[in-house]
Every structure is written in structure tokens, then in C-alpha cells.
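The letters A, B and C name the chains in turn, as written, and every chain counts its residues from 1.
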Amino acid sequence: MSGGEPVLSAQGLVMRFGGIAATNNVTLNLARGARHALIGPNGAGKTTLINLLTGVLQPTAGRIILEGEDITNLAPDQRVQRGMVRTFQINQLFDTLTPLETLAMVVSQQQGLGGKWWQALGASARVIERCEQLLEQFHLTAVMDQQTRVLAYGKRRLLEIAIALACRPRVLLLDEPVAGVPAGEREELLQTVAALPADVSILLIEHDMDLVFSFSKFMTVLVNGTVLTEGAPEQIAGDARVKAVYLGHGDEINDAIAAMGSRHHG
Amino acid sequence: MLTILFDGIAYGMLLFILAVGLAVTMGLMNFINLAHGAFAMLGGYITVLLMQRLGVPFLACLPLAFAGAALLGALLERTLYRPLYHKPHLDQVLFSIGLTFMAVATADYFLGSSQQMVQLPQWLKGRTELGEGAWMLGMGHYRLFIIALCAALTVGLQHVLTRTRFGSRLRASVDDQRVAAGLGINVNHVFLGTFAVGSGLAGLGGALGAEVLGLDPSFPLKFMIYFLIVVAVGGTSSITGPLLAALLLGIADVAGKYYIPKMGGFIVYSLMILILVWRPQGLFVRKGGR
Amino acid sequence: MVGAQNSLLQSGRWRGWEYPLWALAFALPWLLPRQALIINEIAIVALFAVALDLILGFSGIVSLGHAAFFGMGAYAAALFAKLVMPDPLLGLLVGVAAAAVLGAVCSATILRGTDLTRLMVTLGVGLILMELANKLDWLTGGADGLQGVVMGSLLGRFDFDLGGQTAAWYSMSVLLVVFVVARRLVRSPFGATLKAIRDNRLRAMAVGIAVNSRLSLVYTVAAAAAGAAGALLAQTTGFASLDVFEFHRSADVMLILVIGGVGWLYGGVTGAIVFKLMQDFVSGITPQYWTFWIGFFLVVLVSVGRERLIRPWTWWRRAATGGKT
């Protein structure tokens, strides 16, 4: 991890549902330009943590600092306006809009035109340009005029990520971005994400260990709502407790370690 | 003042019996059924007709009102309601408004638009007074009867919910339909049974209420908001919530109309809006419940 | 890529058939002078439906109390004409303003909770207003209503005659103006964010849309438009009565919108035409029949499926399961 203030800092986050603490005193720091992965077994509370960071849930205790500003009490849309954007594990799309309309809407919103009611959605050349760029990048140009609800799953997943990028995030929280995407297309999707500018800080939740180890430079392991350990990927891979927690997945981690030895880190 | 409280409680218990079916089916099927009042109206008209045309005694009419409404409820659930469970709420609202209109028009056409009178048996007329002056408690016998009957029904319902197999199947289906079905619970049967009983209770309530609330073809529309208040404020995750909400509503309405007659229903509606804006999930829902 | 820009703008452009359609509509009071009164009624109801479409069709807010704003506009305009001055356009503005204020205040109530909660608070607001109008009878005339609302001449030149032609043109003009504004609104980025809120509120928040303030704004606009319709009714019929607040009105306008199609501004207009003509025809037989058949129609409409009703060939095919991924 490079020095300097973290761009996003969650401090002592606690989330209680009745008697259960889904998140128990979690502290997580996201460095500027990070490629930071959050892993853990199912039910560890990873998505809950994302929901806390983005404001969908209000923490029982703890603070969240974004670029030095305490955002714990800000509404979700206010956090997005400050540059923190997320994707969803299960696609959250706008079914009656087409990909083009969806992106045009998001880009307009991002460029501050969301409140304009007199001009048409397609009137701004800047918006159109950005839409075309995103459609190209995510291979959605061919289906840009089809209603989202009729799109194939792969395309829907691409649109899911495209929407997040259309918001020009400074901090990007990806919740299992390749879930359900066929093996052949995963690489491509991750390459698009990896190709993001270096100043975008990314927190990635994933189960696909290949992906996690090839993508990330820093990892946090979450178990039962608490941070078990964190560190560089090699460190995590060699940690006996992590292997124990992933009982049954020890092979994957071993394979990934072997693969890592013969791979270039970017 | 005590009399007002007493009357309010009677009114509230009556509202509870009328609305409990709606609360349970809403929690179970997530179906907004604005036609619930039509089943109540049916029960009321069955009672009135049996008493006036066939001379059936009042007490005998009550179970018949229940049965009639339950039967119709079962029939409609199986044929019309079931295909609509997964439709958007707008469709459900439109559908149930349509059913209500049909019921109202039918009643108007066949039975006329005037208020129906119920001749209570002699032993239910009359009044007992306890105490004096400002603390006098005047208990109309009919209202006593209503409170007793509704309380017994409430205890019975709670028993069925918590101690019988059907009750546990019902609670399981409310909590999670898919898992319940996966456990081998025939969710369709649960729906059918619950809807029938809920409608039957509404019919019973309509029969009981004909004397207290009045009975005419506009009954379903007039009282729709009251049933909805009980459900929205009381929540759909238990029957104690709607019970408390109904009692609150009953007392508030009776007290409001007595002390500030100029304002009438105004108070109840404003209170409802304030409560729903403050606690959109209802006043009595346990945290984390639906 | 000219395609993208064209694609977006295309859906917003006025189609060729729209101009002659509106021209024909405006010619009707001249072509059929004896139908001017019903043409006026249809225009008013169409305006009301377009107003509701803004929140129901485009923003996904199910409201059973939109008549509250309709009635507010009616009474405000009627009182203005009786107590201040009988100028129709000023009265219209007063009606719109009063309804807009009420809408802004009430918008706080529809932001939280489920569909049921929203249904109830909108119903509740409608009922409260009806009670108020009833109880404040020194102002509103109570159950008798406000009689004798006499309008001055429109723009200083056109008098409101008994034949109703001026009224019809007046109402249609207001309808057209609101229609054009509404159309620009729904085709704009603002309108797109409304549709986003309707389709997926969670994601709308997650892309930075301030959902609550957007919804409050569109609710106020929809209330203002409904107020305009109410004001027109009071001004063109010469009185305002309690039935402007009735549940029936809110239910009817929702039905009109559903008949014509939600989320498509012409839905309100076509629904209004169909509904009013049918109502005129059937009510002539017996009022009870009308309520029954409307109820029957609603039950059939929903059971068959709203989208399939206008495509009769799909009635006997099993509904295709819309795949949700």
C-alpha cells in the first residue's frame, strides 16, 4: 500500500439486526488508486459492508470518511455525487429503458443535466459522445435500442457495470461483477475494469479466486462480520487461518499461489 | 367518559373482526384487496334477508353470514384472485375496485339503496349502568355482546395461529412462501383456507355491525379506509398489531365524534396520515418484520 | 454515430399524424356545435388523466386521491370568480397555484413507505379535503356546493355562451398547452430520471438521483395540472360541488388512464374519449348499470392482462413468462 491518506475509510463499523451483528467493528481503508479485494465465505457480511459504505444501510455505530469528509449521515445519492459508485451483485437495471436511454440518463445526471426538463434527452452532444464511448467499450452498441428487459444475461451484466462507470466514479465498489458471466467473457470484463484510470480506487468483492489474485494488490478477509486479516495477496494466500476458513477451497488457493509465481503483476 | 371508552372498545373490536382477514391475507399474499368490505356487506345482507324474509333468529344468522361470505371468498380466491398474486399492486387495486363496484351496484339494484334495519332479539336490547355522574359506565347489552363475541374469536384466532398445524403452516407461508412450499406445505391450500376464513370473518363482522355501523350498498366504499387503516397501522406480521390498531381507531373515532363533532372523520384521517408518514411500516410491527 | 442521437431524439419528435389530429380536435366544436358540452367534458377529463399519468405512468406512484387537487383547483377558481374577479385566465392561474401548493405540501406524505401506505395517505388526503369542504360550508356552500359562478369574457373578447363552444375551445387550449409541456418534460433528462425511479428506485439512488426531491417536484406538477382541470370544470359549468373530491373521481381517472394506456401521454386522451362516450351511452340506461359494468370491465381488464387487452389475438394464448434475470 502506498503512503498517504486513504481515499475511503470505514472506522469501527457496526451493523446490528436485532440481536445479530452482521458487521462487527470493521475498519477498512481504501488507498488512492487501490486495487483492493474483499473476500470471505458466504454470509461473511461483504454485501452488508457495501450497503453501509454506500448509505443503503445506516450503521449502528462507526464512521465513514470519504476524501476527508465524514459521510456517515449522507444519503446514498449524495455519496454518489461525491464520487463513490457501486455495482450490484444481482443486476439492478431499468427494465423499460433501452441501454442507450439508460446511459444517456445516467450521463446526463452525472454531467449535471438531470434536472433539465425542457430539452430532449438526446440534445446534448457531450452526453451522446460519452454514451457512444461507453456503448463501444461494453459491446452494447448492437443492442442499444432494445428494452433492457429483453436483453440476454451477459449483456445485462455489462450494462450493470457500464452504468457505474457512466457516473465517473472516483471510488468504485464492485459487488461480484462477474457473477453468472460465462467463463469466456470474464477476462474481458475484468480487463475493462483493470483498464480504468489509475486514480480510480477500486474495492472488489469476488469469489472467483483466479480473478481476485490476478487483479488485486491488497486484500481484506472478512469472516462473520469481522476482519480476519489483511495484506498483500501472497501473504493472504499463505495464511493458514484463511485456508481454514475456506475449508474445501484450499485447493483453489494453492493453485492460485502456484499460478501467481509465474504471472506478471501489472 | 367511560361510556365513550366502552363504545370505542366495542367499535374497535368490531373493526378488528372485520379487518383481521384483510391483514392476514395482505401479509400472506401481498395482495391489496380493496374488495374486502364487500364480503362484510354480504354477511350483513344475508343476516337481514334471513331475518326479514325467513324469520331466522338473529343468533342463527351469524354463523350463516360467516359461512356465506366464506364460501364466496373461497370461490373467488380459487377463480379470480389466484392468477393475480404476482401482478403489480396497481393491477390488484384496479381489480378489487372493480369487484367492489360490481358488489355495490348489485346490492343497489336488488335491494335498494336505503339503510337496512336489523331487529335485535329482546335480550340484546337494553343497557346496564354502573356508577354515577361523570364516571358512569353505560354498557349497551348489544355492545357487550359484540365485545364478548369478538374477544372470544380473537382468542380463538390466536390459538389457531399458534397452536394448530394449520396455524404454523400459515405463519411459515407468511414468512417465506418459497421455503414453505419447499417444505411440503401446500401453499395454495393455505391461501384458500385463509382467504375463506378471512372473508367469513368479514361477513360475520358485517352481520354484527349492521346495527352499529349501518348497512347499505355503499358500505364497502365507506368503510374501506377504516379496514385499510387497521392493516396499515397495525402491520401484517401478527394479529395483535391490527387488534391494537383497531381499538385505537375505534376509540379515537368515537371520542372524536363525541367531543369535537364538527371535525368528524377529519381527526382519524389526519392521525392516520401522520402515523403512516412517521412510521410507514405501521405502528406495531416488530423491528425487521414486514 | 448518428444512430445514437437520432434514436433518442426520434422518440420525442412530433409524428406526422399528430398535427391533423389536434387540428381535427379543435375543429370539432365548430363541426358539431351541439356536442360542444361533452367535448368540453372530455377535454377536462383528458387533462386530469394526463396529470395523473405524470405520477402514475411515468413515476410509478399509485395514487387514489388525485381528486384532492382537482377539487382544490375547482373550489379555488370558483371562489376567485365569486369573491375577487370573474376573469377566467386569472381564475385558472389561481386554481393551478392553489392545487400546486397543496401538492407540494402533500408530496411529503408519498415519499416513504410501500404502495399500500401511499394508497392510503392519498386516499386519506382526498377524504380530509372532502370533510373540510363539507364542514367549511360558510365558504364552500357545503353539501349544496358553490352556485352561480359566472365567468367574465375570455381574453376580453370571447363570452362563455350557453352553447358551450367557447368553453370547449378554452378547455382544449389548456389541454394542449399542458400536453406540450408534459411531453417535453417526459422526453427530457428529468423525465428519464423519473422513469428510472419508477423502474428501480434503489438503482436510481445509486446513480446519484435525489429521489425524494424529484418525486416531490413531479407530484407538485401533477397536482397543478389536476388543479387546472378542476378549475376548468368550475369555470365552464358555473358551479363547484363536493363531488369533485369524491373517491369515484380518483378511481375513474385511474381507470381512464389504464384504458388508454399508462406511461404514454395519449393514453389519458384516448381513455378520456372512450370513457366519456361510453358513460354517456350507458348512463342513459340506468346509473347502477354503469357502476356495475365499469366494475366488470376492470375485473376483466386485469384478469386478461392490461397489455393484452388491446391485442385480442393474445387472449387465448398462455401468458408468456417475462424472464427476470
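We take it that contacts are C-beta pairs under 8 Å (C-beta built on N, C-alpha and C of every residue); 3 or more make two chains touch, one makes a residue touch a chain.
Remember, it's a predicted structure, so these values are computed and weren't measured experimentally.
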- [ ] Averaging each chain's C-alpha atoms to get its centre, pick out the one most distant from subunit B.
- [x] A
Task: Chain nearest the overall Cα centroid - done: C
Open item on the list: Using Cα averages as centroids, what's the distance between subunit B and subunit C in whole Å?
Closed with: 33
Task: Chain centre separation in whole Å, for subunit C relative to subunit A (CA means) - done: 42
Task: Gap in Å, rounded to a whole number, between the CA centres of subunit B and subunit A - done: 48
Task: Residues within subunit B bordering two or more other chains - done: none
Task: Of all residues in subunit B, those that touch subunit C in their complex - done: 26, 32, 80, 83-84, 87, 89-95, 97-106, 108-109, 221, 225, 228-229, 231-232, 262-266, 269-270, 272-273, 276-277, 280-281
Task: Complex contact set, residues of subunit C against subunit B - done: 56, 62, 64, 108-109, 112-117, 119-121, 123-125, 127-128, 131-132, 135, 247, 251, 254-255, 258, 288-289, 291-292, 294-299, 301-303, 306
- [ ] Enumerate the contact residues on subunit A facing subunit C in the complex.
- [x] 54, 56, 75-78, 80-81, 85-86, 88, 91-97, 100-102, 104-106, 108-110, 113-123, 125, 128, 131-132, 135, 141, 144-145, 149, 153, 156, 163, 166-167, 180
TODO: Can you check the complex and tell me which residues of subunit C touch subunit A?
DONE: 1, 3-9, 12, 184-185, 187-193, 195-196, 198-200, 202-203, 205-211, 263, 322, 324-325
